[in-house]
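There's a structure below that I have some questions on.
Each chain gets a letter, A, B and C, in the order it is written, and its residues are counted from 1.
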Amino acid sequence: MSLQFIADGLLIGAMVGLGAIGVTLTYSILGFANFVHGEFIAWGAYACLVIAGLIGLAVGADIAPLGPFSIGWTILVAAVIAMAFTGGLALALDWLLFARLRKHGNAIVLVMASFGASMALRSLLEFLFTSEPAYFSRDIQIAIPLGLGIRVTPDQMLMLGLTAVLVTAMHLLITRTAIGRAMRAVSENPALARVAGIDVAGVIRKTWLIGGALACAAGIVAGITVQIRPFMGFDLLLPMFAAAILGGIGSVPGAVVGGLIVGLAESCAVQFVGAEYRAAVAFLLLIAVLLVKPAGLFGRGDA
Amino acid sequence: MLDVVAYGAFFLTTALSYALICLGLNLQWGQTGLFNVGVAGFVAIGAYASAMLTTPAGGNHFGGYGLPIAVGWIGAIIASGLAAAVIGAITLRLRADYLAITTFGIAIVIQLVALNAQAITGGPFGIGFIPRPFASLAEYALGFDLANLAVVALVTLAVFRALERLVRSPWGRVLRAIREDETAALSLGKNANRFRLQAFVLGSAIMGLAGAVQGHFIGFIAPENYLSAITFQTWAMLIIGGSGNNRGAVLGALVVWGLWSASGAAMTTIFPPEQQARAAALQIVAIGVVMSLILLLRPRGILGEEMTVSRHLDGET
Amino acid sequence: MTTAVLRAEAIVAGYEPDLPILNGASFEVRDREIVALLGPNGAGKSTLIKAIAGLVPISSGVVTLAGEEITRLPAHVLIRRGLGFVPQTENVFTTMSIDDNLKLAAAVLEKPRRGPRIAAMYAMFPALAARRHLAAGRLSGGQRQMLAIARALLVEPKVLMLDEPSAGLSPKVAAEVFENLLKIRASGVAIALVEQSVRAALSIADRAYILAEGRNRHEGAAADLCDDPVIARLYLGGDPTAARANP
């Protein structure tokens, strides 16, 4: 039996996990399920594509791919800029829409607004880029056999490595830095956080920035290893929500573990049942968690 | 001239079928405060159930019993209601946004099943030959359109009046009490979740009926009809028209469908045929922006929330 | 007369603007003083200090700290001005360790002061030092209260306001808390505390105010209030001689 599904599952898990970290942070600090997070993923991927193209144009020459990977340095530079851009997009959306609704709505109105905004943002992408898939690179990569029936492309290994780095950095940020402590404090008890001297509005802004940037990273991983299309974020929404809830809202390790579980479950389903019902796997996991332990694996139980 | 009337009938029939969905949604959201993001799923269940019951035998799908249309529509109500009962039993006791996420997932799964369970649902090809009401009038195009409009209008009116009575009934009062302040309602000894479940099931059943009505109007259904765009459109209709208000639900449907059709017509003139898909995307952006503006500036929508007076207080029998 | 470190004048406040809980309450805390805010349930004592702390909206009235007006400043600014507040419940971050709780509080200070101040808190509360990596949610009631106070004290406030610090604690543990409050006063911090436990509050307070229905009803030296039987029966719910005999 081929263990390829493990490699595939890890890759899906990387995408879902990166996105789920942003979902779990905004959910626990801002108090609502943000449907727009999927669009940060898609917008991030397209932003990286466009910026890389612009850099390439500015430089003039053809950009050669780096080493065994399919991407050139322009994409790496563009990725950093795109992450900042997507973080800014998240901030702008909060300023335009969510911050105002927070003042006099209850949380469910925020979810409703996020649903509407996500539809608008996704359709805007469809308008700008059409629904045809786009690619960072048209190069076909040869998958390298690793034994046990597993084969991965260099791109996939790079993306997995970068995801691991990002996730570790996030964990360190949350547990060891002042901003991480402030975020944990606001997520547990905003009133006490204020009394302790934390500027909650500032923490909220940083949460959007971080969440947006991570979503962009997830989009770039998906864009490099699969393809870029307007619905790419929407298709990751249900798995991300499932991963965040499975891991326990507010827990960064939980979101990552949840993402890996969702990814592996999906790839198992693809290998053993067929690819058509892939999306249903995340849904079944979600229902299972909500029935058995709604607080999730690392949850606080005050959900 | 007759063309305009025919188009008007077609427009109204479609708008009213959406109004039916919005009425069901209003019961769930406006009266009970439930955020159902899986509208498309319940509409699909109703449409497919009715199609399976009423289409003639020999189709590439489950069912085909050739039963009368009325039976199909009742089947649609029951099927959607049952699905809502199961989903609601599991999720209604959870927090409101978990209901949103779960119903969102349900709609995706339902669309997936409709697309892939080819033997049952006909797969991507959908189900055709769905009997139309007054099919015998098919040759008299105008009469046919008007007859269909009459049927849809009657159904919508009947549901509207039934819901208006429900809203003013003791049951409706309990729902609103639960929506406003659950602890107070609980202290009255009412089991909040039972009432929520009833509202959820009834609202979804109405959505299923709307799906069946739409299916029988067009004569053909396919999985791509039931993507999240329907959920988005009906939510926009309810928010713009005025949530919490049955008249608002109907008005919102008419207004948004009107805007949709008008902008769609504008798009066909502005954009060349190859760009029509992109233009349609722009329509959604516009609706999304309007919906966000309403939420920001006038959350009650056009007609705002009714200050419902109980039947017993305003003298009605 | 020593000047007031904290003064609240004619405070009207409440969660809903048209439903005020406080209808013009006032008090002041002077340098090196412990002031108790007493009164029956619903009097608005907690609301008063929460309003000063920036957690309940103030409709009218003036609050000054060391002469500067602070009336509607946001809560996270007030602590930087020297106003510390210890809520009654949920007053520590239960999912974070003791150390993280203190580091969080220290973030308000400039970098060089942080380490020394955290060390000072551990020196003052050895029980916390012994458990510094334990999640605050796993602490006993008394240890939690210590952490809550340490968290507020760490930034060297001019005034410390506490909301029912003895609530839910056994008499022995509550007595330890009050002993700590005396030490804190001795170190130069003025204290205002809301208390249900009248005898304990009057045993360490210099002066006390009695509030009812959102207004001031009486004030005076703690010793005088202890002795007054009318006051005791009306507002303090008990026999004043018993209060003084059993501190």
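Note that in this section a residue touches a chain if its C-beta (ideal position, glycine included) is under 8 Å from a C-beta of that chain, and two chains touch if they have at least 3 such contacts.
Model, not experiment: these values are computed from the prediction.
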Which chains make contact with chain A and with chain B at once? none
Taking all protein C-alpha atoms shown, work out their mean, then name the chain whose own C-alpha mean is nearest to it. A
Per the centroid of Cα atoms for each chain, what is the distance between chain A and chain B, given in Å? 32
For chain A versus chain C, what separation do you get between their C-alpha means, in angstrom? 44
Counting only Cα atoms for the centres, state how far chain B is from chain C in Å. 56
Can you check the complex and tell me which residues of chain C touch chain A? 53-55, 74-76, 79-80, 85, 87, 90-96, 100, 103-105, 107-108, 151-152, 155
Along chain A, where are the residues that touch chain B in the complex? 32-33, 35, 97, 100-101, 105, 107-109, 111-113, 115-117, 119-121, 123-124, 126-127, 130-131, 234, 237-238, 241-242, 245, 276-277, 279-280, 282-283, 286-287, 290-291, 294, 303
Help me check something: in the complex, which residues belonging to chain B touch chain A? 33, 35, 37, 90-91, 94-98, 100-102, 104-106, 108-109, 112, 115-116, 228-229, 232, 235-236, 239, 277-279, 281-285, 287-289, 291-292, 295-296, 299
Which of the residues in chain A end up touching chain C in this complex? 178, 181-182, 184-185, 188-189, 191-200, 300
